[in-house]
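Below you'll find a set of structures to go through.
Two complexes, one shared chain (subunit A), two partners (subunit B, subunit C).
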Partner chain A sequence: MELFGSFALILAFVCALYAFCGGIAAIITRHPLLIKSARQAGIAVCWLIFTSTLSLVYLFFSDNYSVAYVVSHSNRDLSTFFKIAALWSGQEGSLLFWSFLLAIYVVSVLLTYRNKNGELMPYVSVILAGVQLFFLTISNFVASPFKALGVANSAGGFDFVARADGNGLNPVLQYPEMVIHPPNLYSGYTGFTIPFAFALAALLARYPGEKWIHLTRKWTMIAWCFQTIGILLGAHWAYAVLGWGGYWGWDPVENASLLPWLTGTAFLHSVMMQEKRGMMKVWNVWLVFLTFMLCILGTLLTRSGVVSSVHSFAQSSIGNWFVGFLCIVIGVCLAAYFKNKDYLKSENQLDSLASRESSFLFNNLVLLVACVAVLSGTLFPVFSEWFTGTRISVGAPFFNKVNIPLGLLLMFLTGVGPLLAWRKTSMESMKRNFRRPVVAGFLGAAVGFILGLREMFALICFSLCVFVAVTIVQEFYRGARVVRARSGASWLASCVDLTLRNTRRYGGYIVHLGMVMIFIGLAGQAFNKEVEKELPIGSTISVGKYQLLLQSMEQKQEKNYVAERMIVEVMKEGKPVMMLYPERRNFPANQESGTMVAIYSTLREDLYVVYAGMNPQNNLPTIHVFVNPLVKWVWWGGMVVVMGTIVALLPNRAAVVVLAPAEVPAVAKELTGMRPAQVTLREGHD
Partner chain B sequence: MKNRMRIPAGVLFACAALMPPGATRLLAEQSDRTHQIGSKLKCICNGCDQAAGKCYHVGGAYSGPCDTAKTMLKEIDAHVAAGMTDEQVLKAMIQEYGPLAYVEPPKSGFGLVAWLMPILYLLAGTTLVIVVMRRWRKRPVTVGAAPGDQGVYVSPERLARAREQARRETEE
Partner chain C sequence: MQKRVKFGIGIGIIVISMASLAWLGYGESKTYYHTLAELDTLKGSERAQRMRIGGTVQAGSIHRLTGRVDFVLEGEGKTLPVSYVGSEPLPDTFVDKSQALIEGRTTGEGRFVAEHVQAKCASKYEAAPTGPGNTPTTAPASTTQRSSM
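Moving on, here comes the complex of A and B:
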């Protein structure tokens, strides 16, 4: 099976090479058969990658320990569930998995548009084949997941060998979230290839109009949604597994995932400027290019060891390949831009500073500044080593100090944007729109202050969250009021109706509401409490309103590990609340250990308990307890963001023609003896 | 660099091990002040970019601070017990481990560049946005007229495009 997988992979490389070269020839010659064959080769690449990936999965399931990658990342006791996660737990497998996800996108695009956009698709196919070719080169010739285990024999050759068992999967990856976090994050990274391909193709082909924008919007949203889910799942995994009480540590790999998310978010906003007003064409094209480049750069940072990270990929020499690919991408984008930049001229002018266009411009500015600040902070240790010979660290406090003000500014703009009209907002309209949200924001700040909120940034954040939330509620209220007046439906039904008629707009508002919830959760970090203590059995530790009694300790033999756990009774203000079982797991296969944090989570706060191990000097268990306010808001907010994105992806409900009886004067009734009908066209109120 | 760091860490470990039992304070007994100072220094385990008081680098004997971070915390604790101020402790630790132990860049020397960069980005970006806005506001609105016509001739294609544009712009 390893030969089968390896063969499929090399065949995929050959087909990708043909799809790329044949595709270029097809664009030049415009020969229909050549165009078709290049497209078919592109589809074949995808099926071959699927085959190769599935054969690697089969090698894991069948415990084939003659393959080096399987030996390094699995063992017989590993559950089937985690054998799936083993696929992407190492360098080679994760790169193949990357190709697999990209292939899903590529085959979807090639099949969806096989009979559409004839002028654009050959370019798109070539660009996608080029990207696939790069990853297949790596998977075939640099980091193959199908390398067989071998030992040198006396004749100077190699004998193939098979091990009885594998080294097992890294313990920190043996959590359910690790099975879903990387696929989501990778789906985000790979998904941004599609808008990149369409943008570059439109520029190269000088494709008229904004059609590429319409074509790529939903692909960008899908990629963005996956990236959001991936980032949040990664944060939740770090919170639930690593045992340090936080969920975002500004680690270079975390930063790498945030960078394309920030530019992708900027694009999703600025794209409206091009759709509505024909403006920011250059900006949009470069935002898409930049997002893709940041995906590649993030991969480079993650896998090259340029910056140190807690993530395990950071030890390899694969970085040079990514540097080369990134240089090619930059070169191609620059060449395409300078050759065809006249095609990107804006059509309209800015009518007023008090307009939605301005708010989008500033929104993009803040997102881009945050992106560049995070990027330069992440790379600063490298820069400092180049310039001074000494590596200066840039840790979480720096990123927090830089990004908190930017985040607050962004939250402010999130509230302002929907209150401004396109083109120009009159002073009267501004007064009317801003009055309630601004008053609510100040009231929120006052209430927070009265309740004892003294941290400046937390207070500002809370106030802005109220401002934005009221803005969104006001928008829904105004729209639903119109629908309700026409249909007589309930408020809830009117809101649903309204949303379904303009999914993009109201889905966007739901996303904003989710972001408000996330910001509330983030603000809670300012009030975290923690205590660490050696705790003899039968003793109690107090943190905030909680008292924790260590009842006993127990050891449990599981299939793949030995669990040592604390049995802790939690009391709140003297009353029993629940039992918690924080544990520590020792994995004999790779002589590593991991934690399983116990969390009592409420909307108000999380009680986060870590069994930090047994002190070898006095044999006392050490407990680490955190009280983290409002963390749940981050996860729930994330769910709302995803829900809003799904709503925004739905097509608008079509306008419905309703025949409604109209009041007719009695005289007219007598004259005609008929009841005329009034035709009402129900459509989006905006 | 890596080896240079290992020597003081090893010496510290040895010192901690050789201390009489009463002098070696356990991690859990270390004061909040020790952890606060530890949160201003980077763990030099080379496996993470976390503070010594927060290093969650996997692989330590305990979860939470890894062995390297614990060694640093013990040293901070020893400095605190010797009556040093926070600033003095930080200075002593930076002298010991070099600039690598800063959890955030210093606001002097080359470290200042890291702090100035985001401000420069914001200023440059704001300037760019203002310039773009001014240019957009000055841009003339073009009206197509067929040469030689007395009135303004608008071709059906242009009219259709204008209608489409009006529809988009009023759609919200």
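Moving on, here comes the complex of A and C:
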């Protein structure tokens, strides 16, 4: 099976080479048969990658310990569920998995548009084949997942060795989130290849109009959605497994996943300016390019350990390949840009500071500044070594100092932007739109202050969250009122109706609402409490309102590990609430141990309990207790964001031409009076 | 023209204030990387900087005391006594002979006070007879080097 898999992989490489070179020839000669054959080769690449990936999965399931990758990442006792995760737990497998996910996107794109956009698609196919070619080169010649296990013999040859059992999967990865987190994050990383390919293709082909934006919008949103889920699952995994009481530590790998998300978010917003007003074309194209480059950089950081594995930790040779590929991508993008720069000429100018355009501009600025700050902080050790010879790293204070104010500014813009009109907003409409939200925001701040919130940033954050939430509710209310006046349906039905008629706009609002919830959760971190203590059996520890009684300790043999756990009774203000079982797992296969955190989670706060090990000198177990307010809001907010994105991906139910009825003349006046003629009302996020 | 000036001022304010905040954060958290051998050659103010040092945990040197964990880091023929005083539990991979990265400051008496310890268990990769050219996995090193935002 390993021969079959590696043969499929090499065949995929050959096909990708043909799809790439033949595709370029097809663009030059415009020969229809050549175009078709290049496209078929592109589709064949994808099927071959699927075959190859499935055969690696089969090797895991059939416990084939003659393959080095299987030996390093699995063992017989590993459950089936985690054997799937073992596929991407190491470098070789995760690179193959990258190709696998990209192949899903590529085959969907090639099949969806096989008879459409004849001018554009050959370029798109060539670019996609180019990206696939790079990953297939790595998987075939640099880090092959099908390498047989063996040792060099004295004659200079190679003896194959098969082992009875494998080394097992890293215990920190044996957690359900680890099975779904990487596929999501990687689907995000790979998904941004599609808008990148379309943007570059449109630029190279000088494809007329903004059609590439319409074509890629859905793909961008799908990639963005996966990236969001991936980041949040990663955060949740760090929270539930690593046992340090938090979910975001500005670790290089975490930062790597955030970077393309920031530019991708900026892109999703700024394309609206191009769609509606023909502006920011250069900016948009570069945002897509940048997002793709950051995805490659993210894969590089995650996989090569360029940043986190300093000095003593082994460095991987794969880094150079990625750096080389990144240079090629930058070179191609620059060349395409300078060759066809005139194609990206803006059709309009900014009119006013108080306009939708300007709010998008500042939204982009904030996201980009955040991206630059996170990127420079992450790569600081590398650059400082280049320029000064000493390696210097920066820690959480650096990232927090910059990103907290930027986040607050972004939240402010989230509230302001959707209520501003395109081109210019009149003073009168500003007063009408902002009166209630601003009052609510200040009221929120006052209530928070009275309740005893004294952390400045947290207070500002809560106040802004109230402000934004009220603007969103107000938008739904106004829209639903119009629908209700005509249909007489209930408020809820009117809201649903409204949302389905303009999914993009109202889906967007739902996403914003989810972000508000996430920000509430983030602000909760200002009030975290923690205690660590050696606790004899039968004694109690109190944290905040909670008292924890250590009833006993227990040891249990499970299939793949030995669990040692604390039995803790939780009481709140003297009343028993529940039992918690924080545990440590020892894995005999690789002599590693892992922590299982016990969490009692409510909307108000999380009680987070870690069994931090036994003190060998006095045989007392150490307990580490955290009280983390509002954490659940982050996870729930994430779900709302995903729901909103799905809503925004739905097609509109019916064409909307909302003619404002008589009772809301103000809106009607704004519609006819303020909007330029070329702005259509079809589906915009306006 | 006037509009451009307005936008320029807005953008300028954001960029400049963020740059100055970044500078503050940089001053607060910058950490120099040194090897154990380099440590002796540092003089004056260089010794007082926050730094990060990599090495191997000497076998049998780990002593868990109340409030701190003492151990000896060795490498490049040098040894360094370390006291870990951080609040987070040491990572599961922190055992005798594991590779460790410590972060903190030196004290006058030649002892290193670490606030963060990252550890990666070297034995796992040595024990596995992997094929030539098979690079070790880059599974996340367990770490205490985390602080919430």
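Methods note: the second predicted complex is superposed on the first by the 644 of 686 C-alpha atoms of A that agree within 3 Å, B and C clash if a C-alpha of one lies under 4 Å from a C-alpha of the other, contacts with A are read in each partner's own complex, and residues count from 1 in each chain.
Please note the rule applied: contacts are C-beta pairs under 8 Å (C-beta built on N, C-alpha and C of every residue); 3 or more make two chains touch, one makes a residue touch a chain.
Computed from a predicted structure; not experimentally measured.
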item: Touched partner set for A:I318, first subunit B, second subunit C, both or neither; value: second
item: First, second, both or neither for A:T388, with subunit B first and subunit C second; value: first
item: Touching partner for A:K424 - first (subunit B), second (subunit C), both, neither; value: neither
item: First (subunit B), second (subunit C), both or neither touched by A:W248; value: second
item: First, second, both or neither for A:K211, with subunit B first and subunit C second; value: neither
item: Subunit B versus subunit C as contact partner of A:A143, first or second or both or neither; value: second
item: Touched partner set for A:R486, first subunit B, second subunit C, both or neither; value: neither
item: Per-residue contact with subunit A, leading partner among subunit C and subunit B; value: C
item: Touching partner for A:R436 - first (subunit B), second (subunit C), both, neither; value: neither
item: First, second, both or neither for A:L173, with subunit B first and subunit C second; value: second
item: Touching both subunit B and subunit C, residues of subunit A; value: 171-172, 242-244, 246, 249-251, 308-310, 350-351, 353, 358, 361-362, 365, 369, 373, 376, 390-398, 401-402, 406, 532, 584, 592-595, 610, 612-613, 615-617, 622, 624
item: Residues of subunit A that touch subunit C when the two form their complex; value: 68-69, 71-73, 89-91, 143, 147-152, 161, 167, 170-173, 242-251, 253, 302-305, 308-314, 316-318, 350-353, 358, 361-362, 365-366, 369, 373, 376, 381, 390-406, 409, 522, 525, 528, 530, 532, 584, 590-595, 610, 612-613, 615-617, 622, 624
item: Partner subunit B, residues of subunit A touching it in the complex; value: 171-172, 242-244, 246, 249-252, 275-279, 307-310, 346-351, 353, 358, 361-362, 365, 368-369, 372-373, 376-377, 380, 383-384, 387-388, 390-398, 401-402, 406, 422-423, 502, 505, 532-534, 584, 592-595, 610-613, 615-618, 622, 624, 684, 686
item: Partner subunit A, residues of subunit B touching it in the complex; value: 1, 26-29, 40, 42, 46-51, 54-59, 61-64, 98-106, 109-111, 113-115, 117-118, 121-122, 125-126, 128-129, 132-133, 136-141, 165, 168-169, 171-172
item: Partner subunit A, residues of subunit C touching it in the complex; value: 3, 6-7, 10-11, 14-15, 17-18, 21-22, 24-26, 28-33, 35, 52, 54-56, 64, 75, 87-89, 92-93, 99-101, 120-121, 123-125, 127-149
